[in-house]
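Multiple structures are listed underneath, in structure tokens.
Two complexes follow with chain A in common, the first pairing it with chain B and the second with chain C.
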Partner chain A sequence: MKHKNDILYILALILLVMLYLISSTDLFYKEQETDIYQISVILNETSDAIFENIKLGMKQVDKEWTTEVNIVTLYEANHAEQQMKLVEREVANGAEVIILFPVDAELTKEYLIQENWNIPIICVGTYLPEQVVDVWIHGDELARVQELGRKIIEDNLRFIYTIAPRIERSNVNQRLKGLKEVLEENNVGVECLYYETEEELVTLLRELNEKGIETGLVALDTMTLNLLMTQYRTLEEQNLYIYGIGYTSSLLSDLEKGLIQALSIHNDYDLGYLSLASAVALLQHEKVAYDQKVIGGLITKDNIYGTFYEKILFPIH
Partner chain B sequence: MNQKKRYLLIITIVFVCFLLFKNYINTDLKHEENKVVKIGVCTYKASDTFIASIVTELEKIIKEEEQLRETTIKLDISDAKESQLTQNEQVQKYIALDYDVICVNIVDRTSAASLIDQAASAQIPLVFFNRQPVEEDMYRSDSVYYIGSNAKESAIMQGELIIEAYKQNPELIDKNQNGIIEYAILEGEAGHQDTVIRTEYAIKTLEEKGLELKRVAGWCANFDRNQAAALVEQWLSHEQEEIELILSNNDDMALGAADAIEKLEGESIAIVGIDGTPQGREAVDKGTLLGTVVSDQKLYARQIFTLCDALIKGEEFVDQLELEDNKYMWMPWGKYI
Partner chain C sequence: MLKRINEWWMEIYHQLSLRNIVWVSFSATAALATIFMGLSFYSRFSMQLNNEMQMENQALINQVNNAVNTYVRNMMKLSDTLYFKVIKDQDIQLVDFDETFRLFYETNKDYIKNIALFSEEGDPIVLAPAASLKEGIHPAEQKWFKRALEKSENMHFSTLHIQNLFNENEGEYEWVISLSRAVQMTYGSEVKQGVLLIDMAYDGIKQLFSNISLGQEGYVYMMDQTGAIIYHPKQQLLASGIYKENTQAAMHYNDGIYNEVFEGKQRQVIIKTVGYTGWTIEGVIFPNAVSLNNKKSNIFFIFLFLFFTMGLVLINSIISTKVSKPIRNLEKAVKEVEMGKLDTCIKAEGFYEVHHLGQSVHKMAEQIKKLMEDIVKEHESKRKSELDALQSQINPHFLYNTLDIIVWMIENERQQDAAKVVTALARFFRISLSKGKHIISIADEIEHVRNYLTIQQLRYKNKFEYDIEITEEAKSFATIKLIIQPLVENAIYHGMVYMDGDGLIRVQAYVEESEVYITVSDNGLGMTKERINQLLKGEIQSSKRGSGIGVSNVNERIKLYFGEAYGIQIESEPDEGTKMIVHLPKVIYEKEEKGV
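What follows is the complex of A and B.
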């Protein structure tokens, strides 16, 4: 009898522990969890202000899939090594895919080969080969700058200045090369100017503006154009013909006001959408094309509200 | 001790040991997970200049702190585009993703209850800022806080600022020199506590200081620059009486009024705003606005971060902040003329 009691108590004890384990832990029964994809987007600027439509495109994917997107900006402008440290940090923090807007293609390539982070990398904008990244999403840079070049010729300018940060950026180099080809073929002179600090950029702008009318200036990246226009708007006399790459809402307003002659753009919304959609597809082990191109074009104050460009510039969200 | 009692004692001891062990494992895991600090910020409308500059400052602070501490602080900003439903979804997402703190610039100040309850059950602190939920809701949970500025104080300063300018040069405001200030008022959102208080106390201050006033126009422009511009354009085109002073509940609307005057190429009118946004201060420097009342956005953002940081670190750090009623942190105002 005593023995039987002992056995009963031990059984009761085991049952109690088992019930507790089943109800409060996932030791025996694992509760089905929704997959939340951890994706880090590492930008090539210190602010995400010029990436508005890209973020909108990403938000669209976020509605369809559960993703936790971490958008990371640089601490210092154009700091390629710092960008790689940020990639490293995000991988260590559990990012499952990295969407990268590289500062410097060469350095990024070296790092990616050397570090071999073992997670999918999606490159946006700047070219990186298939050996180091899984997907490359971009606009047709060459076609875009050639179109811009033709517009400059149409505006009858005989000489233009290009301006860009003094840093090796492969997409900027590619733009410059394409633009120079078209312009020089048509006997338009080109001089490339570079700046390191914002103050330097302001000085260059003032000097060019003082040269008087019919001086053309092409900003080879959106951030440069943004900085440039912030100053240009405040000048009493505005003498320059300004062209640029990319857009923000304030740049579009400058275009409407005639402060900017033309902007070469691509579909940022699609760029954002495709990058995050590709990230999710890769995580679901689906096949994703390496080379993905988005449409673009040249906007002026006359075609900005045409159906085609309006859809690109002001996506419905 | 009989046999039964002994068994009961053993069962109890085993059970308690088990609970303690599980608790230890959970705490340990939580520490491991919390290496990345996650702060979610929900704004009622990202295009509101005042809110946009607070967010920009907050982003800068987070970057500085990340570098100083060598940790990752994830800051995610959401724009509700003036929809409470959208904002609810955004807060729910932050809760589902286990954010450490959620800062909410609520769209509808009467709709905070469900957000507070959901965050409380997930044990995530909520920091409301700039738009204050109704008082009953603020006390639904201990981990609900508010950072904002005192609307009454800003309105009194707005009034004082006008008095100072009037004393210095009465003709600057009383253009027709009849001793009466014909004014128009641009109000924020109807029913918003700041709209009611700022309007009431700005006028009260002017009257108390002995200025004779006559209201010739006034309407709600929802704190929005474009709406304000449209309203002022209409007033200036149709009002029979001259407007000598435009009181605005915020800087964006004051700038909208200036836009309308510029568009109509009309004679300048004394316009006074509240908030001290970068654009507002720039307009004061240029002489487009007579003055504004400034709530330092850098300090505002710093205080939001300080509170979030304390909430993440623990209760003793929150106590050190000496919040009013353990909930409220008030921002100071200053005149900009």
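What follows is the complex of A and C.
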């Protein structure tokens, strides 16, 4: 009996010591530490100028969690393979999550399947299937281009040109397809123009501008529109009906001035916020929805300062 | 049900040792006390902490409110100064306000984006910083403009919006709150209305809320009277619906503190109204964010509780063992005594009561031992006395003499007398033996004496007469056997042998004052007091020829059986006779027989 009591006392003592160590030291259990999450964002452009609102959205996440975000741009525009090499480099440098704005969906998919980097991948914009990426954050591209198409039809244009970089870009192809469907259904002619260099773009622009009024031009990506407008502002005569996808502050200013007729936009702030928030959630082993859509719309000179679009276009930060 | 529980409990209780009862009850009491005190302190401390935090938070909200109030008043003062000191009563056509406006702007440009004066039609009169209006933008169509003219006596604060009037910073879009008011402008002899606009930079307002912390998850936001958010740490997410805020409920709150549940979370909202503007500041606090309730704290409380409980249990164990050990030793000793080991050493140790109990038990054991020895002695004595008495009855002299008498009587053809003697003898021995009983009825004892006297009378050739009187009442009482015959024998041998036929032996048995008395009186020689004492002490025998029992034996046996209060009393005077009084208790013969 005494022996049994002794054993009980010893076990009780061990339990007390364990409880003390657990409650008062970090030996067994650490209080939630503030982890710094290493996240890399691989853009699909050579500059992050058009990603301002996306970056603001990411900053919002940074207020809630401590993240170290590395934003990587391409060295050459629209270079899908280079983008994959950059992903590889970031993974090797210790990135815990990759937020990717894919240049070429098919190539990206092949690479991700082949390499199998074993870290969460978040895709923004272009569609990549759930087997390949963990989260896909996007706007409703089809709805946006359809809206744009309807606006073009409203503006009574019978023919429009689209302009985009010559290289394959998945999102551009999707937009073109969607736009063409709407326009051709309504008997609006579409011709696709491509450029390789900025000079080529400028030349095309001037040629189109000289065609006279009621020539519509749709820039299928924001970078193209940016480059385009940089030149267009300087022209003495401005005859084109320009439409675009995406926005920057200067493009909005052009819209206000009537140089651009309409812009199809998504809530870039939300894209940025959701992409980084999803990255953090994945690192905290939380369940994250694969398909996350952000709102968007078509802005014109008349509704740019409406309550709905004001906050999308000019995020408070 | 209760009775059953009680019975069950008592069954268990009787099996528990004192040590276990003391240990368990002390430990349970200590544990309960610890829990109670711990919970009380925890709850009190938590409540105190929460109250302190609530007061802190309220103070913080008040501070923010004061800051916003000060900011708003400063803007209003600026507007007043511009109007009353600069514009009013000055002829617009003659005075150039540009420099003054620019100066005001420069002085306050951390908080102000634009200062502008417009005519009633919306035409710009003064703009600071210098700028032009954007094409196609008509100030008169703006809400802030219209409201200023609608209620010209007030100043108006617009909702948060992008200022899109001016060309100055192309490509830059600033969030502002427009403070507008109607002003009276002098145009020569005319006074016309205009609108003074001050665009308050949103950054200035935002700064007032930066670094305000309301606990781990708490935050502060501000909205106008329509529920439109002016400042919120997640303002942008609210706009797109990713984040939700309970503005609908908050719009209806007056200043004070409210508890609410929103999006499944318990929270507390402190409301404070900003003067003049109708804006409200909402401080949202999550009560559980400031609490002692985190994993490590909980584990620490468990550790503390177990530590104190185990400590108390250990102390209680030691104390209960120490307290109960002397009792257990005493119990062990008592068990040994119970088993008959009266020589067991009973230690009187421990605290006072146990010590005293030990001493008492020790004394009791010794007394029991002595009593048992006395009983043994008494039994031995009784047995010896009875044996003596019995043996005396089988004294061969009496038998031989009696048989001689019988033979003589037969030879002398006195058959009837012989038969009488034989019968008496038979009865005499029958009662003497009484089937081995020690106690017989007084009736039988008298009968025994009667038979004896019958034989002796014949032996002593009628030298004496005898008379036996026994009351009916006395017959049924009990006596030890063979007590009267020795007295009668003594009366015969000391009193009657010297008589010439006028001797008388009287035997009486009666009840008096709840006692039984049997007297044997004779009118013989009597005896001196000395002789009486010698007789009672057994120093002399009545006769060598007699039974040999002796008066002392009878006295001794009576005292042995019935106690010291009973026995034989002898009253005698020389030459006058002797009376021996046997004093017995009144015991019904049947009861005593059963007790034997």
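Throughout what follows, the second predicted complex is superposed on the first by the 284 of 317 C-alpha atoms of A that agree within 3 Å, B and C clash if a C-alpha of one lies under 4 Å from a C-alpha of the other, contacts with A are read in each partner's own complex, and residues count from 1 in each chain.
Here, a residue touches a chain if its C-beta (ideal position, glycine included) is under 8 Å from a C-beta of that chain, and two chains touch if they have at least 3 such contacts.
Just so it is clear, the structure is predicted and the values come from calculations on it, not from any experiment.
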Task: Classify the contacts of A:20 with the two partner chains as first (chain B alone), second (chain C alone), both, or neither.
output: both
- prompt: For chain A, which side has the bigger count of touched residues, chain B or chain C?
  reply: C
Message: Between chain B and chain C, whom does A:11 touch in the aligned arrangement: first, second, both, or neither?
response: neither
- request: Please indicate which partner A:57 is in contact with in the superposed arrangement: first for chain B, second for chain C, both, or neither.
  value: second
Field: Partner chain(s) touched by A:70 [first = chain B, second = chain C, both, neither]
entry: first
Message: Which partner chains sit in contact with A:256 here, chain B, chain C, both or neither? Use first/second/both/neither.
response: second
- prompt: Can A:267 be said to touch chain B (first), chain C (second), both, or neither?
  reply: second
Touching partner for A:93 - first (chain B), second (chain C), both, neither: first
Residues on chain A lying within both footprints (that of chain B and that of chain C): 9, 12, 16, 20, 24
Task: Write out the stretch or stretches of chain C touching chain A in their complex.
output: 134-136, 160-162, 164, 170-173, 175, 202, 233-237, 239-242, 294-297, 299-300, 302-303, 306-307, 310, 314
Chain A residues within the chain C interface of the complex: 9, 12, 15-16, 19-20, 22-24, 29, 31, 56-57, 60, 63, 249-250, 252-253, 256-257, 267, 269-270, 273-274, 294-295, 301, 304-305, 310-317
Contact footprint of chain A on chain B as seen in their complex: 3, 7, 10-11, 14-15, 18, 22, 35-36, 59, 63, 66-67, 72, 74, 76, 97
- line: Per the touch rule, the chain A residues reaching chain B in their complex are 2, 5, 9, 12-13, 16-17, 20, 24-25, 36, 47, 68, 70-71, 73, 75, 89, 93-94
